[in-house]
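Attaching a single structure in structure tokens format; questions to follow.
The first chain written gets the first letter, and so on, giving A, B, C and D; residue counts start at 1 in each chain.
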Amino acid sequence: MSPRRLDTTALIYLALAGVVAVGGAAVAMDGGNLFSTANLVDMFTRTSLTGFLAIGMTLVILCRSLDLSVGYTAALSSLVAATTMDGDPGRIVLGVAAALLVSGLIGAAGGAVVAFLGVNPFIATLGVGLIIKGYLDTRYKGPAGDVPALFQQFGYTRVAFLPISTIVMLALAAAGIWFLRSTRTGHHMYAVGGDIDIARMSGVRTKRVLMAAHVLCGMAAGTAGLLLAARFGTGSAESYTNLYELDAIAAVVLGGTLLLGGRGGIAGTVAGVLILAVLDTVFNVMQINPFAKDVLRGAIIIAAVAIYARRQLGRTARRPRFDAATTGAGTGRP
Amino acid sequence: MSPSPVLAMRGIDKAFLGVPVLRSVDLDIEPGEVHALVGENGAGKSTLMKILAGVHTADAGTIELHGRAVSFTHPLQAQHAGIATVFQEFNLLPELSVAENLHLGREPRRRGLIDRRAMAERTAELLADLGVDDLAPAAKAGTLSVPRRQIVEIARAMSQGADLICMDEPTAALADAEVELLYRLVERLRDKGVSVLYVSHRLREIFDLCDRITVLKDGERVATVDTPDITPDELVTAMVGRRIEAVFPEPLPGTETGEVRLRVEGGGNAHVDGIDLEVRAGEIVGLAGLQGSGRTEVAEAVFGITPFTRGTVAVDGAPKRITGPRKAIAAGLALVTEDRKAQGLALNQSVKANARMVLDANARVHSRERLARIDGVLSGLDLVSQGGDQEVQYLSGGNQQKVVVAKWLAAEPGVIVLDEPTRGIDVGAKHKLYSAIRSLAAEGLAVLLITSELIEVIGLADRIVVLHDGRIAGELPAGATEQQVMAYATGRSPA
Amino acid sequence: MQTTRLALASAAAAGLLLTVGCTTDEIQEPETTDEATDAAEGDWFVQADYEEQLAQRDIEPEGDPATPWLQAIEPEWIDTAEFAREGGDATVCFSNASVSNPWRVTGWITMQQQVKVLQDAGEIGEFRHSDAADDDEQQISDIQAFIDSGECDALIISPSTTATLTPAVEAACASGIPVVVFDRGVNTDCAVTFIHPIGGYAFGADAAEFLVDNLEPGSKVLALRILPGVDVLEHRWAAAQEIFGDSELEILGDEFTGGDAAEIKNIVTQYLQRGDVDGIWMDAGDGAVAAIEAFEDAGKPYPVMTGEDELSFMRKWKETGMTALAPVYSNFQWRTPVLAATMILNGEQVPAEWVLPQEPITEAELDDYLERNADMPSLHYAKFGGEDLPGFPDAWRDR
Amino acid sequence: MRHLRTASAALIGGGTGTVFALLAAIFIAVAFINPGFFEWPSLMAFLKQAAPLVILAAGQYFVIVSGNFDLSVGALVGAQVVIAAKLIDGEESRTLPVLGVMLLFGLGVGLVNGLITTALKVQSFITTLGMMLVLYGAIRLWTGGAPTGSLSEAFRGPGRRGIEGVPLIGEIPWAVLIMLGAGAAAIWLMRTRFGRILVATGDNDLAAELSGARTGTVRTVAFVFSGLSATVAGLLIGGYAGVSAQVGEGMEFTVITAVVLGGVVLGGGRGSVVAAMAGALTLEALFTLFNQMFLPASIRPSVQGAIIIAAVAYAAWRRTRRPVAATATVNADPS
């Protein structure tokens, strides 16, 4: 939008280019080709799931909130979709609707606890996640439901090297960018995350905006659950064990969205997701030990954010006193 | 009185957790009038204003707008009803552009979507209408200077199409020249038939601008008068309930100007340059200048926040390299910062915890004796609180400022730099602070007083150093006139 | 502006691609097996499978007992000539669910050692593997990546979860390369061979029968389980419930422990505070020692107990002399898939379903197995079956 | 005496009352179901189980009150146990040197967390999330995927054994004594200049910095204490239950939950260390209650989640409606 935001987003895409270049070179030295169709497909496939989750997560983080329940929401959504569809292609629409409805409601529940009960989002959504986990463990003793082949296309079909799921994810990202820029609710997310008191004083219905972010985040997680169902051919409660929420948060932060809210956007998040996907593919192609992968991922996430932080420092140095003033205004009110 | 006031508040009561803050307050505002709301801090001005703005809801009483009863539970309702409020704290989002800030919560829409073109156009029109032509609608608020942010705030209030604009201490952060711009804005509003409720501690502005004055005291309305019918002295008396003979206390007997405690020679960094400064024990040196002239930057350089990169600093004759607050404190310096909430206090902590913060943080100045003396320091400043365990967030602005001063005095510094110590403080508290500054000098401290209120520098300082554009423009002795200071401050030589 | 342009660009790129061409990884309508239906209902107990597994325990497997990883119970040999490949040095790919527990770590080392032997023999050229860290979605991508690379001559899959990997395995089969599935199965028989020990029912039944046989009627038994929802583990418990249901043992409770030793000790300690526990049934050996220690620390007599062939448990068993059994989920099965893959690539017959023997370690065999594994770390599995591999013992000992 | 009074003031005031009420309610419920729980041996066993979490909560409190998170503690606890097992490898004589290595490692991890967060200005959530991944991977890389080696009897002593033959009580576990010692040290630390500056930093780091506080240093030290607490917790858990592959998994979320349950506000500047430790005790008591109630294992997370949300929401609600006694004077401007 403004020159500065462009800079940040540009920087992240530059980082992405760097990761692609370094990864490509490393793979090439290893005698492979990172840009072979197979590897490109792999890379893009890996973006879809984290992408859905991270797009939703971007919204809540922009509002200075957080959602640690998305992994559980996605798992539940996959089950709701698969059991509703029950192998009947005629029930696909119903299944999708049911999954999105349930995940939206979960988002709403988390959002309500955050917005109306004033519970810190970390705890609120961790709690919501635990509640879903208990339900999943009690109700479903493993995979359940049956996804018709037609809907499995969502997980397996691709156009050249772009999987349909990735295209849908990118479309959702574009919609999200448009939403943040062109709708009031979306635009107000920046205000709520920037300073909720100022936003409220300006007449922004902050609770409604927070709720919207959480509901949308829940529905994005629901979409991720649909993808899981399409990929698995069934619903799986076990998927919550994979800590998808942390992947999503890492992607959002890698994408330059401030964990404290108010700055960033979905364009950056997409780059963050891509960075993680490229790393995964590179690690896979190079047959990196799975434990070394964790080490590298952790180190790269920290390093990238440290680099952004450096830039952030440079920025604040140019206007050191205003931040102080706004922080004061934000925290000073009892 | 005209039969149909814009606003009629009747019998407004408000209590917080059982503590009454407003008691049966009445307020009438006529169309196109500038109405001053004055009173000491804690008198209930801000609360009344927040009730008007829909931030708080009154416990009892009625509010009528244009003769129609209204009640607000959300700021948006107040805005829709035509009441706009410019709060004391900056209410702009640094990450949003001027245009986005101006329209926050009321973005123009086309087919349900934000119409950014319309937003930019309206912003440009609005700023032009206010006579501001060098403010880009796309600029991020975070990149603007303080007065410009103030302008955006007022423009926002105007853009709401309000027929009543409430301004809470609009000039608190403005230097005198910028106040002129505000005067023009207010007069423009009056010309358009917009009413203004003007909350200020600055008597001069009240008498310059306002048509009528309502005085609050201890949550009750004392009087509403036409401005010509009252003198500044009478007004102050009405507010505090007693007559203040002279606004500025005389130096205390026994105050002696001693050795040079702080000396800066040729100090310079990215913001200021050529700073030569000397403050002696028992001396109050005023540092004057317009907003942006480098007043605060000098204080921050002396205190090592953004240290001098050129020149030398000596404290009590010994050269010091002050590269950070810790070094400054070890050298015996203290800095009461401009923004006490953001820079001075840990608001969730107790009075006592705040008062001992400097001692706790610096082993070099920490001692049991000094800790033991903190209670004395606090009571010496007339701090009104429920005791040392009360959290400072529940104190009034003046009392908060006393806690900040106490925290520095606890460390028994030799030099104290006061940056806008009276900002946002009521007249009574100001007077106590002036006395406190005098007694600091009497105790042999070297005081460097930074303030944007010329009258304070003139009334208190033994010498006045005037900055212009990051450099020292000139130095004036005590008894200088406002004109002389302004001349240096605006880069001219005094005649 | 930038962001919108970017979004537009991606949309345009997507549109362009649509015109370029459309590919779909083949999806076959899954053959709805009994298992799938049952899983969908969340009921883990299938009477027929249960009975079959219990019966298989008593069937003499074909093949040399010295190489149990090549034995098979009632094999139905199928012809693999269509996959025969000349010249050796095949590229074998392996999609591993994870190495997130000691059982899988042990097996993974064994497999790598077996691969080394086959590589030295010129059977296998390159051995590629991917690790999905227990993430089904990740493993689907891993499998796809192997297929898409077009460089795998054979694909071995150790599925992370039974039902969820089915579509991906079907896609792998459809790609025309021979697919070998082992450990957990999938709901399709498209793989050339599915290698597994007898199974979870047999494991759970071995353990439960041991408790029934060694405890007085009316004795109290505590069941410790790792996680809900994992089929191989659920089958163990389902079989145990079946057997306990017909016995006169009192089941105090079944608790999920996450395999965490501290959690196990907490739970057992709390049960012991409330009364005696005479027997412990576990669905896996992880943390079994902690359960035993809880009895020691509470000053209670040792229970009759079933764990697993994890050495820490077996050593504690030996040390305490308690009445115990180590049911086995044959770890040596990790050797079989690579051997099977080379057999298939050589056009040799393999069993369509390769059921490996699975026998618990009894007190009589305890000393023998402890001695054979004397150098091994405590989280090693006794029936790992790699003693004859050249890397033994260093590869398992010095990890 | 004065300490006692301050401690009791800390117990009642500051929005932390909720956790003590909750703890009492849980204990009453446990007493109803199983009166035997309050006999010394089972009470001691309970405290022994709770000790690692309580100690972790104290460590996490330092980090949280200074305005940060430490998500790496779970992985660090696991790493410490695995390091101990691998290095000791059953040799009694190695116990002490290995304890020294663990201590250095714990301090080192805390230091790195602290320095990355304060010097490189990386948000602690990300720093410690990254550290969690690094530790998880590195330790498995080092041991080839599953823990190897074994612990010595001496190492296991503190977590498993105790002083026997104490009249009335029977056995006092070392873990309980270590917990009390660590708790006392934490309380003492919060009363020192360091503790005060730590809270002030969490509340308003700019004000603290301008008052001469070394905010980066105290925050780093807070991380070091967290690393230290994870080391002690690792010693106790390893001692209590021996080495297993899953040690420490998920503990970071449990301990943060515990601290928040104690009324400590994420974001810093509010809450007491006593209440944080009480939060840990409450959570452990809750798990015990579940067990006593024979609540099906699978539904427990739901109940836990609901109780946590309710407790934190209640505390938040109370904060906005403070009792009159704790509010402003008439003179104070409530705006």
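Operating definition for what follows: contacts are C-beta pairs under 8 Å (C-beta built on N, C-alpha and C of every residue); 3 or more make two chains touch, one makes a residue touch a chain.
Given the structure is predicted, the values throughout are model-derived calculations rather than measurements.
With contact taken as defined at the outset, chain C and chain D are each touched by A.
The chain with its CA mean position farthest from that of chain D is B.
Just to note, of A-C and A-B, the chains joined by more C-beta pairs in contact are A-C. The distance from the centre of chain A to the centre of chain C, with each centre set as the mean of the Cα atoms, comes to 33 Å. Chain centres here are Cα averages; for chain B and chain C they lie 71 Å apart. For the pair chain B and chain D, the distance between mean C-alpha positions equals 43 Å. Residue positions 99, 228 of chain C are each in touch with at least two other chains. Contacts with at least two other chains are made by residues 342-343, 347, 394 of chain B.
The residues of chain D that reach two or more other chains are 145, 204, 206, 297-298, 334-335, listed in rising order. Interchain contacts (touch definition given at top) occur between A-B, A-C, A-D, B-D, C-D.
Chain B meets chain A in the complex at residues 53, 55, 74-76, 79, 85, 87, 89-97, 100, 104-107, 109, 112-114, 138-140, 142-143, 146, 149, 156, 296, 306, 339, 341-343, 347, 393-394. Those residues of chain D lying in contact with chain C across their complex are 34, 36-37, 41-42, 45, 49, 52, 143-150, 160, 237, 240-247, 249-250, 287-288, 291-292, 294, 297-298. Every residue of chain B that touches chain D in the complex is listed here, in rising order: 16-21, 41-42, 46-47, 50, 218, 303, 305, 325-326, 328-330, 335, 337, 342-349, 353-354, 356-363, 366, 384-386, 390, 394-397, 399, 407.
Residues of chain C that touch chain A in their complex: 1-4, 6-8, 10-11, 14, 17-18, 20-25, 27-30, 32, 36, 39-44, 98-99, 128-131, 133-138, 140-142, 144-145, 148-150, 161-168, 171, 228-231, 234.
For chain C in complex with chain D, the residues that touch the partner chain are 99-102, 104-106, 108-109, 228, 253-256, 258-262, 264-267, 269-270, 273-274, 286-287, 289-290, 293, 297-298, 312, 377-379, 399.
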